[in-house]
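Heads up, the next two complexes both have chain A, just with different partners, chain B and then chain C.
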Partner chain A sequence: MNQSILHIKDLRVSFNQHKDKMNAVTDVSLQIDKGQTVALIGESGSGKSITSLSVLKLLPSNGKIEKGTITFNGKDLIQQSETNMRKIRGNEISMIFQDAIASLNPNMKVGVQITEGLKYHKLVPKSDLKQEALQLLEQVGFKNPSHVYSQYPSQLSGGMKQRILIAMAISCKPQLIIADEPTTSLDVTIQRQVLDLIDQYKTDRDASVLLITHDFGVVAEYADWVYVMLGGHIVESADVFTIFKNPVHPYTKALIGSIPNPENGQERLKSIKDYTFENVGYEGRRFAPETYSYESKAFNAPSSLFEVEPLHYVRFFNEREVISLG
Partner chain B sequence: MIIKLMKQPQFVIGMLFIACLLIFSFYWPSLLDVNKKESLKLLDFLYDKDGKVIGAAPFPPSEIPPFGTDLAGKQLFYQVIDGAKYTIIIAIVIAFFRILFSVGITLLNPKSNFSYLNDIVQATLYIPTAILAYLFMNALLVKSELDSMSFSKLIVLQALILIGIGVPPLISTFSREIKTILNRDYIINTFALGSKKSYVYFKHVLPELSTKLFLLFAQQVIQSLILLAHLGVLTIFIGGSRTLMLGDFLDPMPYNIPLAGEWAGIIGMSFSKLQAAPWVILTPLSFFAITIFALNLMVQGIQNCLETNKT
Partner chain C sequence: MDSPLVRVQNLSKYFSDSTGVQKALDGVSLDIQRGETLGIVGESGSGKTTLGRTIMRLYQPEHGNIWFDDKEITKLNQKKLRPFRREIQMIFQNPYESLSPRLTVGEILEEPLYIQKMGNKKERMHKALSMLEKVGLPRTSYEKKIHEFSGGQRQRIGIARALILEPKFIIADEPVSALDVSVQAQVLNLLKDLQSELNLTYLFISHDLSVVHYMSDRVAVMYLGHLIELAPKHELYRNPIHPYTKSLLASIPVANPERRNPYREPIILPEKPLYPPQLVHVGNDHYVSANMINIKDFEIQTNQREVSYNY
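Let's look at the complex of A and B:
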């Protein structure tokens, strides 16, 4: 059995908005093993990024972890003090953000920004910081690191900025990298380059990656395990082969179905009809799976994950639905 | 930032004027080759060659150029030049501490909306600052006379009142600005690398705020100058005043002379004689106006710089 590096259990995160409380993440559980790439997939607003920010305890000021545990290398991160969390951030767990343009300070030279993590964690003597930064720049594929070192982010392309973010994230050689949609703002040719860099680091260091994405193509290529998220819930989880071969939850099916297939010729691209989402009749249920919507009139009814086959979990409202599924 | 500002002609002109005024104010006795004590002495009467009295203070600019004298016969030109350093330095100190305190308080709790403070600011928005300052300063002056407070203690307490009055609206401004910066992705990225709050504040937040801080500082200097002028009219002098008896024993005329030589004091001590000797008020007022104009030029230059940064 593989060694678990991160284990999130029953995580619930809420946000205060004008005296109302809104659950952004509800009872999310996931596990990442050493050397594994785990994909967290779902549409915008499904709670993927909030889950990842909870791991680093970097939620916005109105966000709060209501319950659950986040265990990293045997330590419950929720119980850690801010000082301890600072030692973990960047050093043991680092994060690559999706918007490379916004994630770099426009008024600071790239070289200075790359060495920030090394400086905080005092991993390299001050005199060697520049040398280390140049090596990192070379590692992420820059042919002229010394030139890039003294440039401002505005002088770099989107792909270059994203590589700088990767250099920052791997600077302290963390055991876990959280990549929050690292290729969203990049064109397809650069996307592969960036994902390959993350994958290369993972292989070289036997590190783990939590890959947050909404692109099943990326999942198929890089992930070992997949968690599908919707409306703050995990609705399906399995290894990547099972998810593609035997998706059970209608939302997973719809996501896979929306991948363009050149063999379908001129058939229109499938989309997820989310008008049901806005329908007040669903009383806040974020998704009404077609197969059992007739059965489940009370959409507010609690739902839970059922194991439909070994290590393949799907969210249902009750056991009858699982049985009816056959 | 400094290099960018130096490329703004308005900023440079304004700054040069203020700098020249300050230098002149510090070194005018040697630059004009005059004796400071002699130049600032009281000159009650003008005599002819035979020692006959030919005129009494206040003397108009036509009799004693360039600006005439005040009611006690002190030459306004030397008073204004000598008072420039006190006026500008007092305004700069007030503005500096207002900015320092408000940024410090905001950074102590950057997540707070300071909503209670916003309510107070909104409620006091329509009360002129001079009235608020007058209420506190007047009470302080009364107390200083009763307790025979020292000159330096009085100045410090007066400065604290003037600083305190300007801090709440600034906190409200800074809390919005700092919150916006702290929500930027690159700040979250820096925290995700394990940085300390202090590092983020000094390396990311304050440099980002620097031009804005400079702009607000210049605006605060202007506001402080205006406030000082208003307080002068209300006969509130920085550092207090001493009373000089003019006239004769049959018709004594008490005349308050400010202990610090700033411009507001010159206005305040002669305001009641506005119609009889308008030049006494108009001279320091004109200097206030010119200095504020120079500061406004600097503000304009900073704003141009901010616009350039945005584009």
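Let's look at the complex of A and C:
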């Protein structure tokens, strides 16, 4: 029986900018089961990172969770105090950021950095920290852990730094790892190593992964369930096979069509412009405003998710029609 | 058959730092035919960017020769290079950094014309406007500054600037790496359209093997400053021979969940070859770096080529 580990419901996050309020995330609902990898895919500005930061309550100071619930293991994280959140961060939910260089302290030996979480959450006695660090380094594929232990981040390559971050993220054996574009700046061979490591941890410990990415190739390889984000909304969600076989929302189609895929030898890539955004099947319901634009105000128009086949949801933008469907 | 547009022979470029001399480019030889796109793949530090910049003579090579359009340009001084600069242009990776924020788009586009002393003010403006149209931007962009544009639009401006001197040869160094996928598709399509319209030759540098496959006629693989494999794209993707090429191809995420890449075993990267690597022809215009000892192994592998690469 699948057990839900994280359940985000109707999350709305707004930002204050120059006295204007804008919604970065609007009515996002998302569920991750135990042992699952869930991918959140979208382009820059779609709200995918803000969604993940909300889970750990790490929003920038001008961001605010307006409404919604984030249930993790039965607790609503939004109601938790900062003290409680500190107990959860790194311990039960950990995060791997995109920019490995910016996430590491340049003045601290990497071996010591890895165990900061363990030290903070008092999970192992101090005397065992080094031993634990060496084990973690070995686990993420360093052949010479004791050498790497005493190196500084500047002495490591990008891929090695990203592996250090993974070692840090798994040190407290969290139940959920949030990986925000973990491989964007890495070469393909390293990308594969890094994603395989995360996948391996997930399998070994029956943990869950929220994988934030813009790469449908990565989604196809690693995800079980996919949520597509556009302009702060989830516009489509389904299991990974359905998303690729039967994408319904034109934006999902456009994203999948715009990946160069050596396998199907396409002569020309599709781009967003090649897809129309209105009146696409499903009884004349509209998907999105006529003109496609991230900032489009019309995204605030009433909209609703519609189950086009079992467990496959697509967002339409006309409330009345959806209601009349009953 | 025409002579190649670009011929590079035994090209080397070294950089020295505190740890010693780094051979960024080590004895690379290749030809680029007129009208083709030659893709270069390799990971960071493989020397692919250095190759592009050395061909452009932004770097002075340590050894080797470069011919462009049957004329040797390896030793030309800056003044004698100027006419060639018109013929060889570069599109850079990051349009946020490679375009001046203080100039208007018109000024950015007219600058190369001005430096090359081409046309009067009116003609230059006319040229800039028609170039904007060619890359799919409105004429009103002429007065605007770079910060008013999105990443994809900026890269279009970068392309317009590269093309305004009507070059024959374009070196595109990771031109879409900074862009979102859907915007990336538009820019790649634009580059293809312009190539057939203006009869351009491309050297297309990228770490993304899928993008290179989409753009290129032939693909060269670089590793640690060496050229290790070179073949027409279908041949290379179907029948990679060098172990490094194989591991690269095995790492591409395949956008099809029903065919998850079966290559889950750890990737073995070859050590830097001790012998001076030499390109050996193995048929079908397919060259692979090898010495006489391991070419035998390669041949054995070639015979087992059906090993599940369905490209």
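Just so it is clear, the second predicted complex is superposed on the first by the 283 of 326 C-alpha atoms of A that agree within 3 Å, B and C clash if a C-alpha of one lies under 4 Å from a C-alpha of the other, contacts with A are read in each partner's own complex, and residues count from 1 in each chain.
Here is the rule we go by: a residue touches a chain if its C-beta (ideal position, glycine included) is under 8 Å from a C-beta of that chain, and two chains touch if they have at least 3 such contacts.
Please read these numbers as outputs of a predicted model, since none were measured by experiment.
Partners chain B and chain C fit side by side in the overlay (superposition on chain A).
By the touch criterion stated above, A:Gly74 is placed in contact with neither chain B nor chain C. Once the two complexes are overlaid on the shared chain, A:Leu58 sits against chain B while remaining clear of chain C. When the shared chain is aligned, chain C comes close enough to touch A:Ala220, but chain B does not. Once the two complexes are laid over each other on the shared chain, residue contacts for A:Gln191 go to chain C alone; chain B is not touched. Contacts of A:Phe244 after superposition: chain C is touched, whereas chain B is not reached. Angle at chain A between chain B and chain C, computed from CA centres in the superposed arrangement: 90 degrees, to the nearest 10. With both structures placed on the common chain, the touch criterion links A:Leu104 to chain B but leaves chain C unconnected.
Here chain B and chain C are compared by how many residues of chain A each touches, and C touches more. After superposing both complexes on chain A, the closest C-alpha pair between chain B and chain C lies 14 Å apart.
Taken together, the two complexes place no residue of chain A in contact with both chain B and chain C.
If you check the complex, the residues on chain A that touch chain B are 56, 58, 60-61, 86-91, 94-95, 97, 99, 102-108, 116-117, 120-121, 165, 168, 171-172. Interface of chain C with chain A (complex): residues 43-44, 180-186, 188-189, 192, 207-211, 213-214, 237, 247-248, 250-261, 264, 266-267, 269, 310-311.
Taken together, the chain A residues at the contact with chain C in this complex read 43-44, 158, 187-193, 196, 214-221, 223, 240-241, 244, 254-263, 266, 268-273. Against chain A, in their complex, chain B makes its touches with residues 111, 183-186, 188-196, 199, 203-204, 207-208.
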